[in-house]
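As structure tokens, here come the structures.
One chain, chain A, appears in both complexes that follow, with chain B as partner in the first and chain C in the second.
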Partner chain A sequence: MASGSEEGTELETEDIDKSIRLTTDVELLKQAWRNEKASPEILKFQADLVQRSKEQIQLMEDTVEDYEGNGTDPLTISLYQMDLDRYQFLLRSYLRTRLQKIEKYTIHISKTEMWNRLSRPEQKFAKRCKDSMEKHLTQSVLSKLPEGYRSILQQSASSDAEDMVPEPQLDTFVFCKSNQYREVVQVGESGDEQFDFAVDGLGVIRYTAIRELVETGKVDLV
Partner chain B sequence: MYGRRGTQLLKELSSCETGQLPALNTDTFDEVIKECKAHSSEVQSLTGKIQEEGLDLATTRNADYFGAAIHHYSIIRNKRCLMAYMYNRAEIIQSLRWKVGRILPQEISVKLNHSEEEYFKNHSSALESYMSDLELDLTVDMVPPKDPYIKVRVLDDIGTLLLSDQSPNLARHSIHFLKRTDAEQFISQGLMEELSD
Partner chain C sequence: MAGQSDPHISLFSAAEIEFVAEDELVEIVPNISMEPLNFTCGDFGPFRPQMPTEVPMWLAVALKKRGKCVICPPQWMSVDKLTQVLEAERDTEYAFEPLPFHYVELSRLLFDHAHEDIPDLYMVRTLIEDIRDVRFHKLESSLKLINERVNAVKLKNVSAMEMNIVRPFLVRTLQSFYKLDSPQMIHNPVTTAYRQAQAADRGPRLELRRRHMIDLLRR
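And then the complex of A and B:
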């Protein structure tokens, strides 16, 4: 009886530990980074998280400097330094991954509601990217083509739609994990099949089927 | 065959190793442009002929119409090829900013045309202004860090430099134990190489 209750408390502390671990900024940034890396489209910019991370990195840098100044054990410093390096890599890689997506789909992003997912500096970057790419392509290809074929968005003046804009391929397959809740997702072409996520369940599924769940944070990409 | 030359350009690009930039093939490029112009005048003369015969352009489906259509689609195909050629080259040029930094080495810049060089400059200044907005250099830390320090061999005389934690004399062929973030910029410029254990 006694041992049973002990087990119960152990489990509980484990759960609490886990939930604490999941809410630290490093863990949140890691999650945001993984999602960004794995998703075919650009996700919402985690403005507050990035801001907090930058502040924490600054704090950690100061700590390392202080330790170096007052002669703390080099091994301890090196451990702090390593932690700091990893955090910095995570932040940089997160921002880089986003920039690479912006570079790739700049025209598409600037024409859709995705524009609002970008931070202000990212929007500035996207605009300049788009302008310089358009200028370059116009100079070297489009201006030399016959009249009626000079649009960067359409194949020819007689095309109905803008059929030359690269778009992210949303129906690609992604690995994903449900977060804490149990989720049932409609899959298949007409949505007639169901995919049942258990808690912490892992799945390989088309991105379009879980797109909204990723946005609301119920499902994470891995 | 119409549109073959355009394909040749793309084949040339795709047979290159990924991330490598072949020299711009101006001759073939210009010939494809010339082809487009020839197709365009064909389209015009054929549609003109249809109109001369007093037929409605929107509903006529005779030999001239299909002739014009073939020329029209040939232009579109050539346009797609040319655009893909330039666009994919531009993507490689973009990626060079991350790999070699702001200044392109001579052996790469001779492969670019004027517009591409301009594009590289514009794009890297866009990136730089983004990084200065954020006060964060994104071009370091390209690989996940394992150890804060790495062993490097210096490949060219750099001289004594003030790095973040020491000021070593970086003479040619000397081996140092440097902070990874310090060493990365030299490695990307080809002035140092990382020694693996």
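And then the complex of A and C:
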């Protein structure tokens, strides 16, 4: 192995070690990704985690580039590249899953407090997505309909509610697994039914019953 | 409106489940010397010939593909252990034996990439296939127990892949029961005679409905 690479490795080690705590950010991002994929509604954007992940990916890209420049053994480089690819996949998939949800529930999100769960760029995306959709639907269909049926939100002017806005279905069921918190969850309306994660481990529960615990990270969706 | 019907949003593909499984640690014996690898997902190594060390599955497979290590099959993958598990699985009607959450994916990865490292390969492979069949059959037949509105279903010791396979069906079933069997639908003041007749028909079932949570695997 080239001796020049070892110095570089030691320097990088310190930097990376600092960012690795008991659980790595990769692990945290994986959990955020799983929760985002499994939950029916859009969750709060993990701003700090995404920021840290981007920085780590950047750092790793630089490291790999350095290695390529200084003649490190190709096997080592390809392994670092694989680690990097896995991290990037997670981050991209996380962001994409959110974009899919935003596209699907644009109007609902922009009208409720869910708007605050979006990052700045996501809010920009949502706004543009909503505008394009409105423009398209107005031009192609709505403008040709009789007066009173031209709203994008209501079926007709006489309906009281905005009955054409797709909303996430919170009444659905999700799979969840115990984590270090080992919560006990009330699952029924009456409160006499409990799901004890320490004992039961894995289960299917109504999303509304564990919604808050998902938000606070005390229950993991799988 | 069908929030869950879009497969791209809420379902994990088999490949994604495997991706998660590839982070599980496994022991390897390298046949090369390599400095420690300081990955974003943790530090591994140093690698010295004949010195066993723990690495994530994906790293083990990558090294194995290049002929740089021998993978030590995990303890639960021995003939003895698996025989015990299979017997226990056959003895119980609804309970599942504790196996690693990703046992299906891990064993598959090892069979595909490291079959020469597994002692008694043929036996191990057959045992795992049998265990999978028995467990899946149990899971399928336990789904029949869901015949009313429930708030939660316990699935103790069910593995990732097993869970992912029944997910679409199970979620839709629970949703339908939840919606159609809701107290509002049944107890609302009914106006038409037809509806009254229906409500009456449902009478005897009210007693059953007291149990809202179902434990598929421990009855």
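As a working rule, the second predicted complex is superposed on the first by the 193 of 222 C-alpha atoms of A that agree within 3 Å, B and C clash if a C-alpha of one lies under 4 Å from a C-alpha of the other, contacts with A are read in each partner's own complex, and residues count from 1 in each chain.
Simple rule for what comes next: a residue touches a chain if its C-beta (ideal position, glycine included) is under 8 Å from a C-beta of that chain, and two chains touch if they have at least 3 such contacts.
Here the structure is a predicted model, which is why all the values come from computation and not from measurement.
Putting chain B and chain C on the same copy of chain A, do they fit or clash?
Because the two structures are overlaid on the shared chain, the partners are seen to fit without clashing.
Of the two partner chains, chain B (first) and chain C (second), which one does A:R86 touch, if any: first, second, both, or neither?
A:R86 contacts both chain B and chain C.
Contact-wise, after the overlay, does A:Y149 reach chain B, chain C, both or neither (first, second, both, neither)?
In the superposition, A:Y149 contacts chain B only.
Please work out whether A:D171 is in contact with chain B alone, chain C alone, both, or neither, and reply first, second, both or neither.
Second partner only.
Just chain B (first), just chain C (second), both, or neither: which does A:T112 touch?
Neither partner.
Which partner chains sit in contact with A:V222 here, chain B, chain C, both or neither? Use first/second/both/neither.
Only chain C is touched by A:V222; chain B is not.
Once the structures are superposed on A, label A:H136 by its partner contacts, choosing first (chain B), second (chain C), both or neither.
Touch status of A:H136: first partner only.
Using the superposition on chain A described above, determine whether A:K37 touches chain B (first), chain C (second), both, or neither.
second
With the two complexes superposed on chain A, say which partner A:V204 touches: chain B (first), chain C (second), both, or neither.
second
Any idea whether chain B or chain C touches more of chain A?
Chain A has more residues touched by C than by the other partner.
Could you look at A:V26 and tell me whether it touches chain B, chain C, both or neither (first, second, both, neither)?
The answer is second: A:V26 touches chain C but not chain B.
Taking the superposition as given, tell me the minimum C-alpha spacing from chain B to chain C, whole angstrom.
7
Can you pull the chain A residues that chain B and chain C both touch?
Residues 78, 82, 86, 89, 93, 104, which sit in both footprints.
Which chain A residues qualify as touching chain C in the complex?
1, 5-6, 9, 12-13, 16-17, 20, 24-27, 30, 34, 37-40, 56-57, 60, 73, 75-76, 78-80, 82-84, 86-87, 89, 93, 97, 100-101, 104, 166-175, 177, 187-188, 190, 193, 195, 199-206, 209, 222
Provide the residue numbers of chain B that touch chain A in the complex, in ascending order.
Touch list, chain B to chain A: 33, 36-37, 39-40, 72, 75-76, 79-80, 82-83, 86-87, 90-91, 94, 113, 115-116, 118-119, 122-123, 125-127, 129-130, 133-134, 136, 138, 140-141, 144-145, 147-148, 165, 180-181.
Would you pull the chain C residues touching chain A in the complex into a rising list?
Chain C residues touching chain A: 1-4, 6, 8-12, 16, 19-20, 22-23, 33-43, 58-59, 62-63, 66, 68, 101, 151-158, 160, 163, 167, 170-171, 174-175, 178-179, 212-213, 215.
Please give the residue numbers of chain A that touch chain B in the complex, ascending.
54, 68, 78, 81-82, 85-86, 88-89, 91-93, 95-96, 99, 103-104, 121-122, 124-125, 128-129, 131-133, 135-137, 139-142, 144-147, 149, 155-156, 158, 164
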